[in-house]
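What follows is a pair of complexes built around chain A, which joins chain B in one and chain C in the other.
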Partner chain A sequence: MELKEQLKAQIIEQLNLEDLTTADIKNDAPLFGDEGLGLDSIDALEFIVLLDSEYSIKIDDPSLAREIFYSIDSMADFIESNK
Partner chain B sequence: MKIISHSYLNRFGAFVNGDLILSGQEDNFLKQYFVQLEIDYPKFYKMDSLSKSAFLGDFLLKNTLQNMVNIDEKLQLIFANSTSSQQTDLKFIESYTFKKNPSPSLFVYTLPNILAGEIAIKHKWYGENIFFILTKFDSKFFIDQIEMSFLRGNEYCMCGWIEMNGLEEEECFMFVVSKTVHWVENQEASNELNQILNNYRNNGIKRTIKSSNN
Partner chain C sequence: MYYIHKVASITHQNSFLQNDINALLVEITEGSVLFAPDYKKYVLPSSLRRLSPILRMAVAVAKECQEAINTPFEAISIGTALGCLTDTEKFLNVVNTVEGDILSPTSFIQSTHNTISGLISLELKNHSYNMTHTQNNISFEMALIDSILCCDEGKSFVLLGAADEGIEFLNKLKPIVISKDAFVTSGATFFALSKIKSNAEIGIVACQAKLNKVSIDSEINSFLGNLQIDSAAIDIVYSNCLTEHFPSEKMIHYEKFSGLYFTSNAFGVHMAHDWLIEQSKKYALVVNSSCEGGIGLILLRNDKAQD
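Moving on, here comes the complex of A and B:
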């Protein structure tokens, strides 16, 4: 499965977004705030756990989290560059 | 006090003031209603079924809410059910027992009163809220709570019996009570509440099934 599709499936699973499908999540749409999925700081915590458990990637600098978790595109780029 | 509006939803349909608004056709009826009502609120998808149903029950009352004044600070939220947040509690237990990964996004819904918070956040209401665990719907209990709320200075109460337990009996019954309009005695209000809910539970479901067959 392509990384971005895999990420979407993992986000749906991790955040218990049972009503959503991967097709509902756009690659370039913001994940946080009132647009996109409307995620919040609790979900950012889930993302940090997800990157660690699924990709063995730790975020050393928390200030980068906002940029990394902006969208599926930005998360996939970060994973690709930190493999 | 006066019951000024009410909504009800279950897997068979969504109703406002006794009128069928939407017929339920899918197992996932909460998402179905959300989509059919064309509501733009992405956070809905994150909520547990308790909060989703309360969110929809509140949305169905929007015409009533638009005409209420001092609502942001003078409205109390009073909710109850018999199974608390059991469905989410079990999912959270599963997340740390079997998946070895306690989920923060599940954990936040392991209290039933979160649904009151979701409604208050949506409307930017700052009034009181409370959630009771009762063995069954008790109209007199609700009326007593509403009376005490009005004696404390509140002008409205939004109340709900919201049971989302994964079983056949799932339902969300919400009603708004006003302190000032057309005073009705407590016993009369209690009887009216029972009658409204019984109509939804019995006639409403039958009517929905009949209309689906036609």
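Moving on, here comes the complex of A and C:
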């Protein structure tokens, strides 16, 4: 499975987004805030756990989290560059 | 007297928002499931996705109680014996199996017993006195006694609740720790309680609870004796244990209908409440006892009924 589709499926599973499918999540749409999926700070912590458990990637600088977790595109880019 | 202005239950019976639950009760059998309402009416989907069954049940019944009294509760008192078991189990499984060294925050945050009352506080936007009581099979009685004290202190309306959830592991544990035929279930029963009577008919006269092992019959004797009420005046007894104190025709074994969870006696109180209204009788006693000790007695009275 392509990384971005895999990420979407993992996010739906991890965050229990019962009503969404991978097709509902656009690659460039913001994940947080009212404009996107409406995720919140607890979900950001879940993302940190997801990157660690599924991709063995740790975020050393928490101030970068907002940028990394902006969208599926930005998360995939971060994973690709830190593999 | 502490009047019941609203009672709402989500259980393995069709009990939610029914006027007379006793007319709808069927005996619980193996594999029975929770009668869950559409929770999206009570919680935003963005919050609902995180909530385990016990939290969903508790918020829904709490909101029904809040809507009924139309004024903010001045205290929230919740009894739960085992708390948020689904999240506790999920968190412990993650601890055992996680690859990497970071643990998922949601199940950890929501695995504590007081998540229930805390979430209700947030959902009702109610920042008043908020307490969780966990005391094995008499957790509900402890929450009720706290509610009574709150009412006596002058708080007008108190949200009193009981909730526990069953998980598969309890079915494995049950034969080892309890010799009862009842099936493990889940349930939440909440009450809007007040010393103000207004339109309420049924109230709680008194509650007594003891954690140590005592004789059921002598406890009933002293409880009713202190209230100066003769045993013969009790019209119905909802009980989860055997007692020869009352004739068998007056006894109803409530665990046949609630299933087995530590705070199921709150559902027994709901049954007793509806029975007193439907039958226009005066007194109902709810008897709750476990084999390991811990006995709770709750007396209800119907103000409309004649002696």
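Following the convention adopted for this analysis, the second predicted complex is superposed on the first by the 83 of 83 C-alpha atoms of A that agree within 3 Å, B and C clash if a C-alpha of one lies under 4 Å from a C-alpha of the other, contacts with A are read in each partner's own complex, and residues count from 1 in each chain.
The criterion applied here is as follows: contacts are C-beta pairs under 8 Å (C-beta built on N, C-alpha and C of every residue); 3 or more make two chains touch, one makes a residue touch a chain.
Since this is a predicted model, take the numbers as computed values, not measurements.
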Given the touch rule stated above, what does A:N27 touch, chain B (first), chain C (second), both, or neither?
neither
Now for A:S74: first (chain B), second (chain C), both, or neither, which partner does it touch?
neither
Per the contact definition in the header, classify A:S56: touching chain B only (first), chain C only (second), both, or neither.
second
Looking at the overlay, does A:Q6 come into contact with chain B only (first), chain C only (second), both, or neither?
neither
If we overlay the two complexes on their shared chain A, which of chain B and chain C does A:D19 touch? Say first, second, both or neither.
both
Classify the contacts of A:I48 with the two partner chains as first (chain B alone), second (chain C alone), both, or neither.
second
Residues on chain A touched by both chain B and chain C 14-17, 19, 38, 42, 45-46, 49, 53
Spell out the residues on chain B that touch chain A in their complex, using ranges where they run on.
28, 30-31, 34, 41-46, 91, 101, 103-106, 108
Contact footprint of chain A on chain C as seen in their complex:
45-46, 49-50, 98-106, 109
Which of the residues in chain A end up touching chain B in this complex?
14-17, 19-20, 34-39, 42-43, 45-46, 49, 53
Chain C partner, complex, touching residues on chain A are 14-19, 38, 40, 42, 45-46, 48-49, 52-53, 56
